[in-house]
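Given below, in the form of structure tokens, are the structures.
Below are two complexes that have subunit A in common, paired first with subunit B and then with subunit C.
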Partner chain A sequence: MSALTETPMQRERAKTIYEKSKPGRRAAVLPDAGVPERPLEELIPAHLLRSEPPRLPEIAEPEIVRHYNRLSRRNFDLDSGLYPLGSCTMKHNPRLNERVAALPGHARLHPAQDPKRAQGALELMWLLQQSLSEICGLPHVSLQPSAGSHGELAGLLLTRAYHADRGEERTRVLAPDTSHGTNPASVTMAGYEVVKVATDERGGVEMDDLRAKIAEDPDQIACLMLTNPNTLGLFDENIAEIASLIHEAGGTLYYDGANLNAVMGQSRPGDMGFDIVHLNLHKSFSQPHGGGGPGAGPIAVSDRIEPFLPRPQVVRRESDNGGGPSFDLEFDRPQSIGRLRGFQGNFGVFVRSYAYILSLGADGLAEASETAVLNANYLKARLAEGRAGERLPVAFERHCMHEFVLSGKSMKKELGLATLDLAKRLLDYGFHPPTVYFPLLVDEALMVEPTETETKESLDAFADAIEQILIEAESDPEIAKQAPYTTPVRRLDEVRATRRPVVRQPLGD
Partner chain B sequence: MADANYPDDLLYHDQHDWARLEGDDHAVFGITWYAQDSLGEVVFYDGPEAGATIQKDSSYAEVESVKAVSDVIAPMSGEIVEVNDSLQDAPERINEDPYGEGWLVKVKLSSPTEAESLLAAAEYQKLLES
Partner chain C sequence: MTRYTSATEDDRAEMLAAIGVESAAELFAQIPEPLRLGRSLAIPDGLSEAEVFERLAALASRNADAESQVCFVGAGMYDHYVPAIVDAITQRSEFLTPYTPYQPEISQGGLQVMFEFQTAMSELTGLPVSNAGLYEGPSSVASAGYLAIGATKRRRFVVSRGVHPHSRETLATYSQGYGAEIVEVGLEGGLTDAAALAAAVDGETAAVFLQSPNFLGAVEDVEALGAAAKQHGALLIVACDPMTLGVLRPPGECGADIALGEGQPLGNRLDFGGPSFGFFCASEEQIRRMPGRIAGETEDVDGRRGFVLALQTREQHIRREKATNNICTAQALNALGAMVHLAWLGRHGFRELGELLVRRTAYARQRLAAVEGVELLHEAPVAREFAVRLDAPVAAVLEHCAERGIAAGYPLGHEYPEYEDGLLVAVTERRTRAQIDDLADAIGGAIAGHHAHGAFVAGTVEPAATRGSFSTDGVQKAPQAGGVA
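Up next, the complex of A and B:
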């Protein structure tokens, strides 16, 4: 087939900027200093001087622009097409947010600026804390954690501090078998033992198993980490009972906010009984993300957890001499678990998310969640028709929230097509594949989250593409098994990438 | 890798493990064809050391594939007497030959009667189809 012909991008191996370096090339030419030059050794103590110059690439500006433009075109991005990556909430990033974040007062503020001269930035952070507090239904917020997983670790450290303050030392943390992989990883990193809880036939926490796991040793239950709606895109109907079981045992209830996009302005984790929530600002509150950052995973907590929050906290102080309020970093928090990172987080992320919250308002956020749920249910219904409905049925037949999980078990058995093959072939159709092989309890899982910013036409096109791939596979499964054909690189050797990863790129000489 | 197969001389655990009884109180354990097929290509095997005690229905090793990391469940209880060291460098043997070169551990059984609770090949296959 024609796809066997290499595309120009496939022929051209991606190069690092170091490989393009040529001695003497420059992107900028500085004017003469206008003062006599003196040797560096006279100006800087010898022990602070490098023994050899830094290995910086030497490149002219047009080549720098081309280099990064080419790299960006090797990427699949949300600006090019639908990116229904389940649990990642790849929604459109409003351009207004970028304009606001690029204002010089925001973009050029030095992180070490004295709080007295960074009042605007601190006020924005404080207002963002207030907004997140309202959205979560919990009174206190720390913006420090910089990712969802970082928020999880913070939540577990807070749990330990809370129990230690009561003279308790608990060792076990419960997590459903549908939980995000970061949950058990954070539990282990925080020094707790993970106890898995089973899933019932409606896709929620299996209540008998939960009761049994608590009953094994209630005094050892430190926390239950829950995502609601969970990674199957299903809202746990027993949340009130779950909360009271955990609280009776003396544990804390932790809300993994990765799926908050389903419930903004609809229901609040605090009202459900959660003590600690992390929010992924880069998911729910629109932020270019993927590839590791920059993100923000602020936490919201209840009164009983507040004394232990990371320090410093951004606070508002009322004036005692009739002036307006001022904002500060409060370090005097004796029970705090301490600092979680340098400075207070990725400020640009705060600006974008605050701009997003303000531009949508409370009603707009609620509507965004409604549309996210509507889009997911529409796409789920579309995919229940035709071949997809037969070969790729939904794993738990219920109205879903913002995402849903299909099982490719029959597709694999009848057509010899693994979910991975379908995912790779979707790339040729111009779609980023959904999350595959997660959650683990669904065979050949495909987890689809379209988000609220997709049109009906784009959802239809995605459903049509899946149907087309299944039609293709009926006559020749090899087409999908060899896919993708049109991407900058073809199918990668994932085994070699895992077993013999190349983690150092040599400089270009 | 070859097509699905479930040898008749093995006993099966519903968590997709097999046991081959040797003599009165020894057995070799591994994962089934279905398990390796579901996992996909195995990239790393993290097994126990000889001398370790393992408990029926509990995890005794981890298999990492390109898809996921999975626990390996012991079909019977006992003490590990031999481990398949070759899997350190060639974990792909678990895919290529799950009942032969891809064996995981050899165990001195502490309660050989546990074999009665395991499934015969036909019963295990029926479970897979359900």
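Up next, the complex of A and C:
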């Protein structure tokens, strides 16, 4: 099938802001310096000065606004429709949270403000720590890590410090073959070797393989990194035994909190035996994803890990003269692994996440997870009907938690449609596709996470779209194989972008 | 309390029937019974939107922010004016709510912003390659260390004491993991000790880390200092303040292999420290070792221009344990704020702003140096921040100023015990001449008060009767303000 007629967006060739620049135009009017206009060379030696200003665009404000508004329309976003990206928890981003984060007392607070003049901010951080501690079932929290991957690195450095304190140096970190790519990448950055553990026929950790990998050299096992529910959306029923095996070997148990949205108020990683947990505030706690950040990746830890937490740590001090408590930043932590970043962390994200927790409360959090699991199982049931059930079977047939994984193997074999083709055709139907080709152990994988904030109607519409695409493919698979048609651009040459990368705009004088 | 969900009782019943279970509890049966919480979390009940707002507003009101205080604090994050269009654009759903652009056909807006941002940062730093952003400044420094080890197969870093203390500490934290030794080189007259640096660099050095302007505000001669790195095949890694790059010679022209830093001054609010973004630019040679997302230009099947995530084979989701870094985020929304701010400033506005900062900083430095009991901590050239020594306890002076609505600066003693009497003062385009004069008066008053009444305990309030007269309207000038036209 050939391309349909071009859409208005497609007729508009992408033009960068530099290509709209014209000498002599400008937007900013700066205040007068109000001080002597001394030549710069008098203040800074000439050889340290720049000769020509950087070639930033020259453009007036109305056209800047138009340019970025136009670009915004070339994005699909969560506020426009279903975004069932597995492992990403694309839940609604409440606008209340944006409003409270923008209050000057938050937004214009300098991070080096004296703690006694930042009591509101420190109390908010402390309250968030308390909430996250209760949700995780672990007594101590550091809010410092900037994202999930940063939390992972923190967890591994904590593991290293914990073992070093016991006079041990261990070298191996276990991770299931279904783990997120960040897990092994963090392991290498933390100076460990990653050892893969197989998955059993129910989608959990293969216990015999785990025992064998531990038995190879128990003294070298530093840690096991696990997501539970795992990336197949399945709760690992053997978690208690896994925890005791790792603890017997002397290792720590690390919880990748990417999938916490399944278990808030239902089950707690600390109770499962985990020592260290990271949480993605941009997933379970509604911080907007921003097209690829910002987020935050706080960690919660057990007592034995606590001495090594990053510094500074937010602490509450009781008054000794009958006054109220006060809040402070504690730097004097001699066993700490040290800082992971500047200042105290992504405070703006903390404000939004704390507002979210205040809004939902204990029962609301439990209800959110319950509805997330209900929505996922419903969508899974809908996709088990009709052609989808035949061509896109679920990889592991059991109730799922907040997400599930389908295999496009039969679709590819019988219809000649790869998972990628289905994903691209979904774009024409106005849906963001699920995560594709992950986890790696499922052939032609599609990982679907609808979240609790989707309606039954939107889940039905998504299932209907998949059915329609499969029907269409029976008569003409080329339709999906050439898709998409209606998007601002069609399939892009990604190979070229890697072989001969063009990563900036060439600029003339 | 139900919030942000839509499932009615009827919906639930229909959904449960379709799944083939009686209740949602059955779906949770896969969690072994002893691991089910079986109670409500010990977290208060949910609140209405209005109540949440009031609760958060009450907390916010207990912070002294840059609206209620005149802020001369910098140390890596600065109270710049963020133009209104930055908020308007970054709050658009289409930029605020998508995920990382894994599906480029429906993410052209975000990808093109990344491409434009990379171009801008490349222009600012004078290096050909930029990524789309990292978490923030200090962790970008640590990521550069990881790159340097991969590039040189060496494991020793030589780091100037002028590099931000948070960056040095973060580098040390990461080094516990990837295994690197850190050799610190001290400062002389506010600048990196060139002889000590040259002596510290050898054939085992993976990278030399400098910062310019350095933490004390001094503009370093990066090219001269970097010669030692070049000579021994070590990478030259330079942290810089992007707001100064309209006037200061860019690191790329000074021989830097990598230029990076904290991006907050560009289009991002203070937010008590984050979120902001880190920028990371490098020579062509390092492109396949870069951390983070990089957008690249390409074409679609019909020959239309488009953008994609380029060089993904460096990244964790493809390379797993062999990835160049574990990072996923590009702080895309924060980088968008920076790009809009830079477009708004434009080629000439950006330079003019840099000039304004240099001139106002020169004025503030001269004005403070003229105050009795204040002397310059160093005489090296500065751009937007400078350090002074106070002849009174710094904490007491800060407290005195704070009571007059001024956040006077960043005390150096905590991280530089050798400058126990040191104060770092930062200037932005928001700090007027009148405010600078007030600062000088307040500091002068604090020091005079200290000497007149003996050493008062740091942090205590001077009795009101002894305060003397201070400007409250920002117009009163101290007599020692002479010499300024």
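We adopt the following convention: the second predicted complex is superposed on the first by the 474 of 509 C-alpha atoms of A that agree within 3 Å, B and C clash if a C-alpha of one lies under 4 Å from a C-alpha of the other, contacts with A are read in each partner's own complex, and residues count from 1 in each chain.
Everything that follows uses one rule, which is that contacts are C-beta pairs under 8 Å (C-beta built on N, C-alpha and C of every residue); 3 or more make two chains touch, one makes a residue touch a chain.
Small disclaimer: the values here were computed from a predicted structure and weren't measured.
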Partner chain in contact with A:90 - subunit B first, subunit C second, else both or neither: second
Touched partner set for A:258, first subunit B, second subunit C, both or neither: neither
Which partner, subunit B or subunit C, touches more subunit A residues: C
Partner chain in contact with A:494 - subunit B first, subunit C second, else both or neither: both
Touched partner set for A:300, first subunit B, second subunit C, both or neither: neither
Subunit B versus subunit C as contact partner of A:75, first or second or both or neither: second
Which superposed partner A:443 touches (first subunit B, second subunit C, both, neither): first
Subunit B versus subunit C as contact partner of A:411, first or second or both or neither: neither
Doubly contacted subunit A residues - partners subunit C and subunit B: 438, 494, 498
Residue ranges of subunit A in contact with subunit B within the complex: 418, 420, 436-438, 440, 443, 494-495, 498-499
Complex contact set, residues of subunit B against subunit A: 38, 40-41, 43-44, 64, 66-68, 70, 92
